[in-house]
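Following: one structure in structure tokens, then a few remarks.
Order as written gives the chain letters A, B, C and D; numbering starts at 1 within each chain.
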Amino acid sequence: MKQQTSIRARIHEIIFGAETKAGKAFDIALLILILFSVVAVMLESVREIREQHGLLLRWIEWIITILFTLEYLLRVYSINKPTKYIFSFMGIIDLLSTIPTYISLIVAGPQYLLTIRALRLLRVFRVLKLTRFVGEAALLKEALKASRYKISVFLLTVLITVVLVGTLLYIVEGPENGFKSIPLSIYWAIVTLTTVGYGDIAPQTPLGQIIASFVMVMGYGIIAVPTGIVTVAMSDAKKRVQSNTRSCSNCLADEHHDHALYCYNCGQEL
Amino acid sequence: MKQQTSIRARIHEIIFGAETKAGKAFDIALLILILFSVVAVMLESVREIREQHGLLLRWIEWIITILFTLEYLLRVYSINKPTKYIFSFMGIIDLLSTIPTYISLIVAGPQYLLTIRALRLLRVFRVLKLTRFVGEAALLKEALKASRYKISVFLLTVLITVVLVGTLLYIVEGPENGFKSIPLSIYWAIVTLTTVGYGDIAPQTPLGQIIASFVMVMGYGIIAVPTGIVTVAMSDAKKRVQSNTRSCSNCLADEHHDHALYCYNCGQEL
Amino acid sequence: MKQQTSIRARIHEIIFGAETKAGKAFDIALLILILFSVVAVMLESVREIREQHGLLLRWIEWIITILFTLEYLLRVYSINKPTKYIFSFMGIIDLLSTIPTYISLIVAGPQYLLTIRALRLLRVFRVLKLTRFVGEAALLKEALKASRYKISVFLLTVLITVVLVGTLLYIVEGPENGFKSIPLSIYWAIVTLTTVGYGDIAPQTPLGQIIASFVMVMGYGIIAVPTGIVTVAMSDAKKRVQSNTRSCSNCLADEHHDHALYCYNCGQEL
Amino acid sequence: MKQQTSIRARIHEIIFGAETKAGKAFDIALLILILFSVVAVMLESVREIREQHGLLLRWIEWIITILFTLEYLLRVYSINKPTKYIFSFMGIIDLLSTIPTYISLIVAGPQYLLTIRALRLLRVFRVLKLTRFVGEAALLKEALKASRYKISVFLLTVLITVVLVGTLLYIVEGPENGFKSIPLSIYWAIVTLTTVGYGDIAPQTPLGQIIASFVMVMGYGIIAVPTGIVTVAMSDAKKRVQSNTRSCSNCLADEHHDHALYCYNCGQEL
């Protein structure tokens, strides 16, 4: 019994941890395998490669699937609360990394399974979880979270603008100039406002071009708004992190200004 | 008489307010109805859907219009100063949400009424008025207002640049390369400077391409200017909101934390 | 003699000043005339309008030219140092606003004169010179000037990148895919790096598309650099303006920190 | 012997230094020669010019190559540690500036050598090394270095997004709408997310256009993230440069002006 437990613990340490040498090696091997499998999915979609190296790609696919299945089973076996893991976001991704290949045994040529197989890429996050990227990502996330209401206001304004402009252009240009319906015109408005500008649909009438010009200048200018929001939020998030280091010796309050002389909480000289 | 007044007050509370349960339910119902009606307008513009489900869409349109008409009449009835409401921005939008459908009874196939019907989307702002988005929107508005002169200078520079560049390209490229007139060339200059770049008009001569390159690099770079303006204005607006309210009575230092009890500068109790 | 001087002074006051009622009226009239003349130039370039209303446009052109000529002569007459004015930037623009029409009497159909006539738009700056836009423009200018070396480094990096990428794509794609020469490939690189993306030239080979992807992500990302530069410079420029208001009572030094308690120059308590 | 040493020292001073008059003249001559040679490479790629002035361009090429070869030999001769120079980045660039022309004697028409010849442009950095651009470039570099982990997180997010979106669009649109393979779809996703938008590939189905709209709005919005990162990093880098050097010995306050004589916080002489 004890023996078995220690094997479980050892497996857990290797698969979930990154402190031991074996754990690190496992992480790197997994990272390579994930990237390898995603590249295989990509190559399979290229017709020339599929026709020439189809068999090789199928073999690679099966080897990767079996390795991922083994890993999944070991994860379920070694973890203390398997149910929690199985229904966690990462657990579902891990499972989805194996299933599509087995389904392809039953149903032939399932094109749409490619997307699910590409989801394997999300497993990259599992490996990155244990690096110093996390701290930086947390800072970014905090800044974005702090400005979520401002960004919502911004996105709502963009949304209402594209709907109104799209409808207007549908009336002004009409189906004969490529603006076949309001949804398509809204699509055009998004393409224009975000300065993507494919050019598959473009206003042909002078009035349409004048309205489009306003939308472009607007789209060009209002990018400043989310940028301003995020910059200020990031600056704040950073200050908070930096000022946390200095704390009052009397009441332990932190977040002091850089130039503070007295604690804002208890009045103690810092 | 008193009964009637209380009915009026109750209607007012439900329609204009959002504090009561009924008021909140009304707001949500209105929001759904608005989005529903805008989606109906969009779908009607798609030829396939219009031909297949035309009758259904007409029915939906009439139901929504009658509901909006009822709501409008109740608003006029329940408010204390009806004239002020009727001629307010939101009052006009509310009225315009109902009229187009009635006009379509008299005049057949009025395509241009679609835009007016799409204006219903602006009614979304009425519902949002009562949420916490307002505070954030106010901050954004203040930041934009504070930087309105700087933004005007920027827009004026952009305007003069596109007029001069447009004229120049008209001379350099000429009608044979798609630059058919100066207004069209200015349109091209806007499309280029804002980095939209449809590609329906593009310089063909080496000289035209050299000038276009300068415009692109300029357009790419000067986006930094409004971004800088808005970022600084937002940073200021935020600081003002955070610190404006309180300053130390002893040393006049401001920028205190929201939860500060003592001045960080002199230790004085706030 | 004195009479004449006072007439000269009065003309000078009206034409160059904006303090008197007549001076303001003159400025507004001039602004309208400038915009009117630029619109006339634009319309003349549209073939349909030129063919239908050619005579009218010629009349308008001559009236505007004669008014501008009169104004120019009055400026030269009323100013104290005519030579300095004539060879100043604005003086040359003023002269160029009149000459093209006279030249068209001698040489027929001079298309390229349109650009010179469009330069009239620059005269708008003369009128704006006297408004509150100037202060804001000065702040922007100072911020841009302060960051001119950083922006130069940025532009140089962009320049070297597009030359190297352009050459590389010329080799990879070659003339058969639209990359006909290195200068054209550099043009493509600029179109791509600045995210304009016309699509008249686009990489067709996988290798070309991979390199193009790197250029796009790079172009998408490095816009952050000038934005950061300008934002920081603007923030600094503003602080300097703001802190200028507070100055030491002892030594008159300014530019104190917002939270400074003592003068950094003489140690005097503020 | 001594004579020879002094000649070597003199050559070293001229070629590597910029303090003497001759050194500066050499730098300027080299800068002109580099730009001249790069322009020659560009012009050679234009078919019309190559056919008409091919002989002239070959002559120029040989003259430049011989001058660069001489310079390279003098550099190796005059420097104290030739091996270190030869294998340094700049040493290799210097060598690569001469070799391609000699190779073209043996192998005919080596198109791909053009890229290597264009690398000569990198030699521009050698000349700039000695100007005041370096300080500014260092500040930019420090800011970018400080934010390298945040930028990596951002780029990784972009990368994973384009892979997933590309795969999704490949399934939704399919080869019949131009999305021929997943790598090509990923290329499209990059073109769209970075707001380049060539338009050679564009979604045709409603679902594809809806997904593309999300990608565009996302691409439009998340540019705010690297901008925020770099702006905050630049602001920090600048503050550190300005204030790091000095802090008050009495109260430890920093962020003093460059020309401050007394501490702004306690009045202590600095």
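Keep in mind that, in the parts below, contacts are C-beta pairs under 8 Å (C-beta built on N, C-alpha and C of every residue); 3 or more make two chains touch, one makes a residue touch a chain.
As the structure is a prediction and not an experimental result, all values here were calculated from the model.
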Turning subunit C onto subunit D by a C-alpha fit takes a rotation, in degrees to the nearest 5, of 90
Higher number of C-beta pairs in contact (A-C or A-D) found for A-D
Residue numbers at the subunit A-subunit B contact, same meaning over half shared and different meaning under half, come out as different
Rounded to the nearest Å, the gap between Cα centres of subunit A and subunit D is 29
Expressed in whole Å, how far the mean CA point of subunit A lies from that of subunit C is 41
Each of the following residues of subunit A touches two or more other chains, namely 154, 183, 195-199, 219, 223, 227, 229, 231, 235, 259, 261
Contacts from subunit D onto subunit C in the complex sit at residues 38, 41-43, 45-47, 111-112, 114-115, 118-119, 121-122, 124, 128, 132-133, 136-137, 139-140, 143-144, 151, 154-155, 158, 183-184, 187, 190-191, 193-200, 219, 223, 226-227, 229-231, 233-235, 238, 255-257, 259-269
In the complex, the residues of subunit B that touch subunit C are 149-150, 152-154, 156, 160, 163-164, 167-168, 170-171, 174-175, 180-183, 185-186, 192, 195-199, 202, 206, 209-210, 212-213, 216-217, 219-221, 223-225, 227-229, 231-232, 235-236, 251, 253, 255, 265
Per the touch rule above, subunit C residues touching subunit A in the complex are 195-199, 227, 231, 259
